[in-house]
Amino acid sequence: MDAREIIARRAALELNDGEFVNLGFGMPTAVPNYLPKGVSVVLQSENGCLMMGPTPYVNEGDPDVANAGGQPITLLPGGSIFDLCESFAIIRGGHVNTAILGGLEVDQEGNIANWAKNAAKNDFSPGMGGAMDLVRGAQKIVCTLQHNDKTGESKVLKKCKLAVTGRGVVNVIITEKAVFHVVNGGLILVEKDQALSVEDIKSCTEASFSVSPDLKDYRMSGINA
Amino acid sequence: MDAREIIARRAALELNDGEFVNLGFGMPTAVPNYLPKGVSVVLQSENGCLMMGPTPYVNEGDPDVANAGGQPITLLPGGSIFDLCESFAIIRGGHVNTAILGGLEVDQEGNIANWAKNAAKNDFSPGMGGAMDLVRGAQKIVCTLQHNDKTGESKVLKKCKLAVTGRGVVNVIITEKAVFHVVNGGLILVEKDQALSVEDIKSCTEASFSVSPDLKDYRMSGINA
Amino acid sequence: MSKVKTIEEVVAKLHDGATVFLGGFLGVGAPLKCIDAIAASGVKDLTLMSEVSGMPGGGFDMAILFKNRQVKKIITSHIGTCPELLEEYKNGRLEVELYPMGTWAEKVRAAGAGLGGVLTPTGVGTLVEEGKQKLTINGKEYLLELPLSAEFAFIKGYRGDKIGNVQYRGVSINSNKIVAAAAQYTVAEVNEITDVGDIDPNLVGTPGIYVQAVVQGYTFDEHKEVFNTRWESINALKKKK
Amino acid sequence: MSKVKTIEEVVAKLHDGATVFLGGFLGVGAPLKCIDAIAASGVKDLTLMSEVSGMPGGGFDMAILFKNRQVKKIITSHIGTCPELLEEYKNGRLEVELYPMGTWAEKVRAAGAGLGGVLTPTGVGTLVEEGKQKLTINGKEYLLELPLSAEFAFIKGYRGDKIGNVQYRGVSINSNKIVAAAAQYTVAEVNEITDVGDIDPNLVGTPGIYVQAVVQGYTFDEHKEVFNTRWESINALKKKK
């Protein structure tokens, strides 16, 4: 199983039945494929709807029903549509239960960086889109990212190097190796890959963290949870 | 013809064809009865609609169509409905062309008082309702009031004595005796009752005013205009 | 996980001293059955927040709550229409906090939308300024108005589904859509409870994300009769010739 | 006094250097015919204001305006989806001003609603803070964000009547409803122009008070075809088995 699937299966366990959920681009979009039995959630698309459904078939796209990527979607029964002010009122106002976002970096203070490749002005960043609103607004922020970059450097840092999306906003960090909770501005290791020791996690993680007295093996929806 | 009808007939001349108009309680509500031929305006009700029509008949009231006084109305073709945030966005945002309001007092600086019987704290004022938003928002504010109170005191003052609704907001003052424009914080007499001299107007008016070089006889829609 | 509840269940959640939004505008779009149940519950020392007060003439809408002396304070833009309220106020038993109508709406919207406040030109140079921070932006003065939220909101919709989506009808949308978003526990009283999927997504005025309970109010036929009877009783309808 | 005009008439009002809102979100709900006419007009040095930029893949929606080098500046939340825009940006010919998506929407709403600004927690502690006033309300920090308005807005509606009432359909309401209120001259491109009275007052998304011109866009059938063709070309639709 690749890292992306591992992470999506773990992230699915963060969702409770009936929750309103916003999923960022990339890895988080796979999460609904792995919802545990009995858990159904309502997906918000920040361009203006709740109750997003699957992609329509060729020639059956509705020209006025699309997701935040400009791609055609369907709406499930019980769906609702609203303008962008309302959509971000829902987000900023704390009405979304959980947002699962991809991170470029995350750090031990709960800062997340996921919009600019670096902090320099001539970086040609694509822009923050709705990410800054989401990290300030959703009740629970789950940051998903691979534990290390291609050169093996930790993406779970003492302090983000990239321009941050929000400070002290992350509640849960999920990598393919470990799960951390962010509590009072510090990390607690709550789950780890069964094949790795706490020392192994320490050696591939730049951030400091404490270890939960209740440390568990890494759980994955549909596999061992 | 009583003072109220005189004022309503004159106020009707302030409206241009196609304008969006908000009418305050009291005298202003009679203005639509006297619109000049060829002039049709769209009435806003600040509780949330445009294109207010006449009162429905007994048993024909729609329980969800009412005006800002809680009274049943109808909507004319082309009507629209919106919530109160939107209704006051329309008002505050400067989208209403003209508001015609009743005044308790008005003064030579364009201040208007029409919400509190006096400025004291224990006055049991009914509250300002939407009047403060209207006077700050509509493009043209027309203040209608009788020139003098029952004891003969001028209601067109040097300085309002009652708690004001807004400062420097009035553009046109219409009484049954005279019409003033407020320009650069001073009054200009532009029309007067034909039977009265400028001196007569001066003697019944506390406010200072200059006289327009183009001073006209008082005009009334359907009578002499 | 249906949000459909009985009016008794939701009113039982209230407590003495609770802060409560009431939707509607002078009775139009008011959650009439919930108001009656709040009156019957005897809960007291309420802080009511309502865009305006009761329908002119009294004896309707929120009037009963003042008559029963259940209200300690009202936060609104206008109190002149409800005789029962005025009676309480003049006897010194009711605290009144006033905001201009548009400001009231923006304060509530700000609370629901997670804003820290809005700058409005309304009220500059008036008594409304008192105690408020004033900011000058591009040479123009504005008042900083802060968010207004409550523990409970009782709103009135036309149709509501089991997951809390609410469709409004006519001007009854008034303050209902706004207050629905600004309370911790929002109760939608509706003329008709529908199955999920029965409301066109384009017609949802308040999405279920804002709503914790849906209760059956007057049916639409009863609703029409209640208002036509009321309006006839205060001579608000034209007589047929 | 019908507001129905030709696209040529309204586009002729633009001038070099104009500030222009474009409604829509990545092409969905975009005023496609007006955009093509703006491209054909050759007007230049435009400041575009759009919630996001063109539909991923390029060659659609606002992309042509960047390809033609008609845009001097864009004020938006995201530019990563439109290759023609990125080309201009990387070559130093385009100025980009970024705001978080929800902040962008609130700034435009504030302009339309006559507010002097709003306080938002979004962006606190980030690069977005730069140059902005920070206020602390009840111990929490907020950024003061100022109104954003333009001379022109081009929006896309489903139906529009002769006095400018606009009905939206689906998520195409997105930024259209917001920008419609914040421009001096708002043009509504619609699939169908109707007589006054044909749109149910409950379904009016943007009342005519905000709209100066109504123009005929693609018919609804054409509109469906344009999007299904586009989406098929970028493999965004599921293949039938």
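Per-chain residue numbering starts at 1, and chain names A, B, C and D are given in the order in which the chains are listed.
Simple rule for what comes next: contacts are C-beta pairs under 8 Å (C-beta built on N, C-alpha and C of every residue); 3 or more make two chains touch, one makes a residue touch a chain.
Values in this document were obtained by computation on a predicted structure and should not be read as measured data.
Using the contact threshold fixed earlier, the set of chains in contact with both subunit B and subunit C is D. When the interfaces B-D and A-D are ranked by C-beta pairs in contact, the top one is A-D.
Here the spacing of subunit A and subunit C, counted between their Cα centres, is 36 Å. The centroid of the Cα atoms in subunit A and the matching centroid in subunit D are 28 Å apart. Inter-chain spacing, taken between the CA centroids of subunit C and subunit D, is 33 Å. Within subunit C, contacts with two or more other chains are made by residues 106, 109, 113-115, 120-121, 169-170, 201-202.
For subunit A, residues touching at least two other chains, in rising order: 49, 81-82, 85, 88-89, 91-92, 136-137. Pairwise, the chains that touch each other are A-C, A-D, B-C, B-D, C-D. Residues 25-29, 51-52, 55-56, 76-81, 86, 89-90, 96, 98, 100-103, 105-106, 109, 120-128, 158, 169-178, 205, 223-224, 226-228, 231-232, 236-240 of subunit C are the ones touching subunit B in the complex.
Of all residues in subunit C, only 1, 109, 111-115, 161, 163, 165, 181, 196-197, 201-202, 204, 207-210 touch subunit A in the complex they form. Those residues of subunit B lying in contact with subunit D across their complex are 17-18, 20, 42, 44, 49-51, 75, 77-82, 85, 88-96, 136-137.
Residues of subunit B touching subunit C in their complex: 45-49, 54-66, 68-72, 81-85, 87-89, 91-92, 111, 116, 119, 124-133, 136-137, 163-168. Taken together, the subunit C residues at the contact with subunit D in this complex read 106, 110, 113-121, 135, 137, 140, 142, 144, 146, 168-170, 201-203.
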